[in-house]
């Protein structure tokens, strides 16, 4: 694996991909990353988050106005949780047999509340990109930490193996937002924090899984 | 930067824990390095955990203060640089930066770290000592880092010469004449707990802050900040804790400046 | 601004060597470290001769205040500042002066060229350059450090620019002027270049130069660029070894 820097050529042909640009028919990296020449894959070592439909995020309720919640996600994108659609039948807060009473379908949230959600739509508004969020869930207690969005795949691991290992080893619930905010709650939060810091520092060094299980077994000592 | 969850920090404290696995009256790792900026007459970089502070000392010929015609001047400034923290902004010094500089100034002034009497040159001419505190990375407890770095920079500073109207800053120079040494200990009140050396997360939720600067068994400066209060008993204990901790801080200073 | 207070012009070249012993096309020693500051998205510490420079980048984040936001792309805010204790001469007042404001502007324009601003409409990216010690050529050092800081942050950029100055003593072209040379040279020309396509992103000059002298100064700068680019590359790669 070769380290690639912004401006380095990664292909002699035009390849449309994230973290790269095409110029004069050739493809150049725009962030620092690793080139896996055998697979022709470019893996960013650092990157910012580009939201996509279906992305899981963790954020903080920043504002609530006219039944719309604004969610801050430590990114240039602003998240919105819109009021649930009015039921077609049953009007006036009545009961819709299929959906239940619509007022009940959304938790009341306050400024500063921690929330997880999914990106339903990436919308380009007049002055910035807005993310319409879906399936919000208020998270109580716990702790938020910031991680580098490019390290999120390593924190989760292949088929969530790393994440499960972290959760078991620290007896914590860990929600990893693709926006780079992670919510930790449970028994040994400081240990979980330490392990995640280690994953971030050493994400590019082989044998990470073993070192993390060692750290967890020794309770960080 | 995301705001810290108060519940979490309080929950940890309830279990007798603290972030980065330390005790309530325990400092993070401290590093003192002098001479980082050879162009300055004195300089020191201090790290307390992830907090990083650089102090540069310059001496210039200037006018004495009207009420102290035979003494040099000491001018202390602090900058909370925007590169140190996402929340710091560019612009004129904030009240926080001014308080910070003044608290450090009071400690070094009261402990007579600089022998201001030795800075007299001639009628109407004295040396002005500029102490500039540069905050490079913020993770709480700027006061102790600033005081340590200022002490280290002053204790290791060169003394320029004034000859025939010229300031000579290079060549064989003596040292700035100093008398005392000062260190400080800063405490945060978080819930019912008192924490030595608060980090940024703890400072964000602290109700009160107390800084005690001392020179062996003499208190040289104190500052209580924010709206929270401290009881008599707490103050008395914290003075003892400060005297205890200052022994180690002083010996770190001694070895950093090579005395 | 005169060393030792004497007004006489020192000899910049003695026996083919410069005041600090360099030959005309020789760079000062450069040391670069990436990731120095923990809070920033990207950061770098650069020692270039006696210059010591810190650079940090924050963002992209929502542009503040709202009215400065550009609906089509990110805006860059850049601040270059010299520490009051940075010079071997007297203490300087802190806060931006006209020189610092101009350098901040031309530095910002360098990064407006290389950062992919279109990816982040309505947002801002902040670049801070603090000169802790100065000895001539601090804007070039600042740009070189800031480029490494941005490259380490994951903010997308199409190339990693470098900067260096060239100048002139008599008819001799000198690379990378130090403070004394800067004060007494017959020309000074800081240049920033995006090396992949050799695009000139910053060009300033004062003094006097013929077209031929300009050409040879630029050639010298481009050759030095290979060394500087290599230093940037090594520092960035070192984080992942």
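For reference, chains read A, B and C in written order, and residue numbers begin at 1 within each chain.
Keep in mind that, in the parts below, a residue touches a chain if its C-beta (ideal position, glycine included) is under 8 Å from a C-beta of that chain, and two chains touch if they have at least 3 such contacts.
Just so you know, these numbers come straight off a predicted model, no measurement behind them.
Colleague: Which category does the touching pattern between chains fall into here: line, ring, star, complete, or other?
Modeller: Drawn as a graph, the chains make a fully connected set, so complete.
Colleague: Would you mind telling me which chain pair, B-C or A-B, is linked by more contacting C-beta pairs?
Modeller: By the number of C-beta pairs in contact, the winner is B-C.
Colleague: Compute the distance, rounded to whole Å, between the mean C-alpha positions of subunit A and subunit C.
Modeller: One centre to the other, that is 35 Å.
Colleague: Taking the mean of the CA coordinates per chain, how far is subunit B from subunit C in Å?
Modeller: 31
Colleague: So how far apart, in whole Å, are subunit A and subunit B when each is placed at the average of its C-alpha atoms?
Modeller: 39
Colleague: What parts of subunit C, by residue number, touch at least two of the other chains?
Modeller: 61
Colleague: By residue number and range, which residues of subunit B touch two or more other chains?
Modeller: 1
Colleague: Listing for subunit A: what residues touch at least two other chains?
Modeller: Each of 74 in subunit A touches at least two other chains.
Colleague: Mind listing the subunit B positions that touch subunit C in their complex?
Modeller: Of all residues in subunit B, those touching subunit C are 1, 36-40, 43, 50, 52, 54, 56-60, 77, 79, 81-86, 90, 92, 128, 130, 132, 134, 136-139, 165-170.
Colleague: Under the definition above, what is the set of subunit C residues touching subunit A in their complex?
Modeller: By the definition above, subunit C touches subunit A via 42, 59-63, 66, 69, 71, 74, 116, 119-124, 151-160, 194-196, 233, 236-237, 240.
Colleague: Looking at the complex, which residues from subunit A come into contact with subunit B?
Modeller: Listed in rising order, the residues of subunit A that touch subunit B are 60, 74, 112, 114, 141-146, 181, 189-190, 193, 220.
Colleague: Touching residues of subunit C toward subunit B in the complex: what are they?
Modeller: My answer: residues 4-5, 37-40, 43, 50, 52, 54-56, 58, 61, 79, 81, 83-91, 94-95, 126, 128, 130, 132-135.
Colleague: Can you check the complex and tell me which residues of subunit A touch subunit C?
Modeller: On the subunit A side, the touching residues are 3, 5-7, 19, 21, 23, 28, 30-32, 34, 44-48, 50, 74-76, 78, 124, 126-129, 148-150, 204.
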